[in-house]
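As written, the chains take the letters A, B, C and D, and residue 1 is the first residue of each chain.
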Amino acid sequence: MDKLLAETLYYEMVRGRAFEYAAKEHYMQGDISGFLHLDIGQEALSVGAMKAFAKGDVFSTYREHIMALARGITPKAVMAELFGKEAGVSEGKGGSMHLFDPSHFFYGGDAIVGGHLPNAVGCAYARKFQGEEHGVMAVFGDGATNGGAFFESLNIAAAQKLPLLFLCENNEYAIGTKITRVAPFEKQAKKAEPYMPAIEVDGMDVVAVYEAVSEAQHYLEKGHGPIFVEAMTCRYEGHSMSDPNSYRSTQEMALCKARDPIERMKKVLQEQYGMDAGAIELLETKAQNEIDEAVSFAAEAEEPAPEALMAHVFTEGGTHALS
Amino acid sequence: MDKLLAETLYYEMVRGRAFEYAAKEHYMQGDISGFLHLDIGQEALSVGAMKAFAKGDVFSTYREHIMALARGITPKAVMAELFGKEAGVSEGKGGSMHLFDPSHFFYGGDAIVGGHLPNAVGCAYARKFQGEEHGVMAVFGDGATNGGAFFESLNIAAAQKLPLLFLCENNEYAIGTKITRVAPFEKQAKKAEPYMPAIEVDGMDVVAVYEAVSEAQHYLEKGHGPIFVEAMTCRYEGHSMSDPNSYRSTQEMALCKARDPIERMKKVLQEQYGMDAGAIELLETKAQNEIDEAVSFAAEAEEPAPEALMAHVFTEGGTHALS
Amino acid sequence: MLYREALNKALDETMAVDDTIVVLGEDVGRYGGSYRVTEGLYAKYGEKRLIDTPIAELSIVGNAVGMAIGGLRPVAEIMTANFALLAFDQIINHMSKYHYMSAGKITLPMVVRFPQGVSKQLAAQHSESYEQMLSAVPGLKVLAASDVNYAYHALKHAVMSDDPFVFIEHELLYNKKGEVDLKTPLDPFKARIVKEGSDVTIVSYLKMVDDVMAAVPKIEEALGCSCEVVDLCSLNPVDYDTLKASIEKTSRLVMVEEEHKTGGYGAQIVSWAAEKMFYTLDAAPLRIAGADVPIPYNRTLELLSIPTPDSIAEQIIDWGRRNDV
Amino acid sequence: MLYREALNKALDETMAVDDTIVVLGEDVGRYGGSYRVTEGLYAKYGEKRLIDTPIAELSIVGNAVGMAIGGLRPVAEIMTANFALLAFDQIINHMSKYHYMSAGKITLPMVVRFPQGVSKQLAAQHSESYEQMLSAVPGLKVLAASDVNYAYHALKHAVMSDDPFVFIEHELLYNKKGEVDLKTPLDPFKARIVKEGSDVTIVSYLKMVDDVMAAVPKIEEALGCSCEVVDLCSLNPVDYDTLKASIEKTSRLVMVEEEHKTGGYGAQIVSWAAEKMFYTLDAAPLRIAGADVPIPYNRTLELLSIPTPDSIAEQIIDWGRRNDV
């Protein structure tokens, strides 16, 4: 990995975490409402995967802020969305759980656990149909791997040999329920065994995630069909702002934080790429500034006009002329 | 296997087939309507499984006449149901696809492909809860193994170690669609691999089916959790009476019929149990007579009264007194 | 031409000119569709565009949503309305909402088609109607094809539109005969005056339109009145203008539908009329609908559970006598 | 006592006396339920009776159906109404029909509970209401708990009944305070007169009851009239007797609901009144309901999408002025 990329990965993680802390703060201040799911602790996964899969389409969940940023959507557009403003990426209509931007091949932002997986399958079908080789990535949690939509998707993607990367963010919990209490084993890649190859990766190591997802994308490009990547990770906060996170012990949390992806990558930058503390701090400051600007932007941005209520139920006109 | 059991298996298969031919005839005559799914060709599976699993609960599909009979529901009650009569096992309200009789631990008769599987899981939970050891069997086709309900059931049954036997009747087709066109492999037991052990059996051999299901039930009784049995079989008729069956070649049908389960068991009776042609014919005649009587009974039975329309939407009273 | 042939023609003609249109569903390809609506299309357009799916309705609709996101124009077939329940999450939480939630960034040019209703003794799990549920979902356009010409034009419109459509057919209409008028354009959102009349407006849709028409001579004779029969065609949006004009003429409204009466679709029409046309109505409106029971298998009971030409005539005549029609 | 505590108490008391009652759902056990309705029950009844399920709503309801077949009395919790769509096949094709299809041989003593409605900025996939869909399904009894006392008694009834119930809660009611009257028995199928009045009958249910009550003083002052406020409580079956008596007294009907207006539940009530009480009504009925849009995230838009005390008052006053109330 070249230095620029390594720096970028670090930068995106730091910026992502800064974004999340800012969102948390402004949620507590009442500027943001609804369900806010923070990705703190999972930055390596979100950033590594998005950067590696830059060319393909991505379908994700409600815990998608950092992915949207790593995808190239501006912090301003994302923060403004959380603030419910017109300048938000979904014009204030979607909020935190529904960030969409087809110009960045980023499709949500789905708040139905597993609900976006059949959509990703369909999009992969479209890409294969179009001869587009980069394929599609679907990101989902361990909790999603128990639902019908997930299994149907594995089966269909395999039967039709679709270019689809299943990326399981296994943080071991679905809200307060530990995965091993509701599934017969810990690693959910096992569920994909009958259908496709799987790669297991440490989700707290951004370089490893980047490499695993890159490898998986090459596999897709070869036309062999779908592939599964499972990354073990850990969220530092409660499930959403309304979850007290009381089901995990202090010890469990400490173990988890000892694997911190940002600290780890910082070390890599220092030890492997010879960056000094000053250079790293510069990156951190830049990231924080970007987020501060995003917050100011979001705070000052306009509310949508009341007429926005009735807009976008349907397309204008709605009818496609046949050539 | 003792001779009595072997004879019983043969008898049930012959009686089952006779039932199906009678149903077909009376469908063509207009006495039976709706969707009629015949089980001809698959008798070994239906009979072998039901006889082996006599003590447990069974959840099945719309192709369940022979199972209902092998379970002990009378041909009269089943035929009357097909004729839509009040004396039918579901009083004419369910029809061919909805045979229910809790007194025989037989619960349908479900016409939503895969829809009964979560029900079977729930019932297995109840049995485990009650300390009832015989467990539950869910019967389903190859087509059902692509649906979310099936996968969720595998996962839950395994996570909760439920006494549930998944019996897949793989006749290779879901209406006109060959299983290998919509799933990535031919044997669907592969889908259960991450969750539970599987037994593969020749579904055209009633003795083998009986033994496999018996073995599976012993496994359940030991409390190890669920088990999967897959039986390759073949239906001789179209999917239902409205399916012309044009997607299978004459050659494919001939190969299939060469494995006829009844002919095969007849040979076993003759060669292994020393039964002569006369004794076998006696069984056959008895079976046919039973069916003829069932048809006469059904034909003469009463239509439900018009008041039946509004009955059974809810229970009478509907409230359970707390002790 | 038969109704199913008109649907087939609509698919064929649109697929011929736009090769991003794909059809997916159970047995829609090689088999030609369980009601033969897609017959011949597999041979013509191949398996890339006529996609035989596994029995996984959630995925059928969910994949169609994803195909539309990816730039295709999918037409998804669900074999029977009851099975569409398995796809309600995708229809309601995804198909109907992505355009709005994304403030128009995601567009879903797609159609979900299915037959519904009471056919003949298919029993409770194969006989239902879900227009009341689906017409209540903002973001979906819901059409119900009662006749051959409408089926052709409306399906073509739905396939060519950039909005998500639910296109409802009826199991007993597939072999209905009729003409397709290729020359006269048809607005699929406009209600159809099936028969003009001056004294009673009878509103209906889908298969019940024929049953109403079969009942009308008897009604007109018994009450000495003239009935106007309106086929809604589009269940959402509703062509209230046509309804209004008709009720202004007749001052009387009867709504006939096959669904269970409680919570059935017709309640929306009658409640609209009560709210907006109250002072125009000369008589209490009448709603004729199915019984509030799961559909029984037995034929006699089955026919008792839904309106028939006879029961429609009987109820309207009785109502007419009680209300000075 | 809080609304959620009343629900908890109902579960606790029934579970204490009948050990075939089990509760299943996502996070209902160790976690105590995402709205804390099942708090404390896991410690008391253990993991056999408080079952934490995977995120698989189809199975949650489907398993409950099977448990009921197997002799248990399951109470299934769905975390939010929108996710119930994933279980519509089990609710509608199975739970509502097995008793009928088996001619009474299968009995399903079970409850499916969930919160619904617009809370605060949860956006389109977490803010919907499905009573209109579920009340239209024969074979289900559908209750909607608007207050603490009703919540307690009605849930107890549902758990103890041998019929399948859908029990609807509202996200904004969980912390509502109220008294539980343990001495007075309560018929869960009887509508509740929340406030007596003589000039206008305002019918509502669930959270809108409170919003209507908040609007009433303003309405009464502006129109100089007296409003009777009726909480339906049971959405299917409906207590038409109580409605009839009230409308006979007031001659005027307003229906208020949170759902999207098109196809919303209230259409059933208004259309019933139009059909059965037409000659008693002195004015066109009024239906106040949500906008026909997916629920937007932005708070201002969100509040524009549903009735609020202010908009209810405004619409009723405007209607009253136009209709000589």
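Everything below uses one rule, namely that a contact is a pair of C-beta atoms (placed from the backbone, for glycine too) under 8 Å apart; a residue touches a chain by one contact, two chains touch by 3 or more.
Note that the structure is predicted; figures quoted are calculated from it, not measured.
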> Farthest from subunit A in C-alpha centre terms, which chain would that be?
Replying inline: B
> If you tally the C-beta contacts, which comes out ahead, A-C or A-D?
Replying inline: A-C
>> With centres defined as the mean C-alpha position, give me the subunit A-subunit B separation in Å.
In response: 46
> How far is the middle of subunit A from the middle of subunit C, if each middle is the mean of its Cα atoms, in Å?
Replying inline: 40
> Hey, how far is the Cα centre of subunit C from the one of subunit D, in Å?
Replying inline: 29
> Hey, how far is the Cα centre of subunit A from the one of subunit D, in Å?
Replying inline: 36
> Can you list the subunit A residues in contact with two or more other chains?
Replying inline: 90, 92-94, 98, 110, 112, 115, 146-149, 152, 155-156, 159, 181-183, 308, 313
> Out of subunit D, which residues touch more than one other chain, so two or more?
Replying inline: 53-54, 56, 58-59, 82-83, 86, 89, 93, 100-101, 123-125, 138-139, 291-294, 296
> Which of the residues in subunit C end up touching subunit A in this complex?
Replying inline: 14, 17-18, 22, 48, 51, 53-54, 56, 58-59, 61-74, 89-90, 93-94, 98-107, 109, 138-139, 141, 157, 160-163
>> Show me the residue ranges of subunit C that touch subunit B in the complex, using the header's touch definition.
In response: 26-27, 30-31, 34, 52-59, 82-83, 86, 120-126, 291-294, 296-301, 304-305
> Which bits of subunit A are touching subunit C when the two form their complex?
Replying inline: 57, 59, 90-94, 98, 100-102, 107-110, 112, 115-127, 129-130, 136, 148-149, 152-153, 155-156, 159, 308, 311-315, 317-323
> What residues of subunit A sit close enough to touch subunit B in their complex?
Replying inline: 146-152, 155-156, 158-159, 181-185, 190-191, 193-195
>> For the complex, give me every residue of subunit A touching subunit D.
In response: 33-35, 81, 84-85, 90, 92-98, 110-115, 143-144, 146-148, 174-177, 181-183, 247, 303-304, 306, 308-310, 313
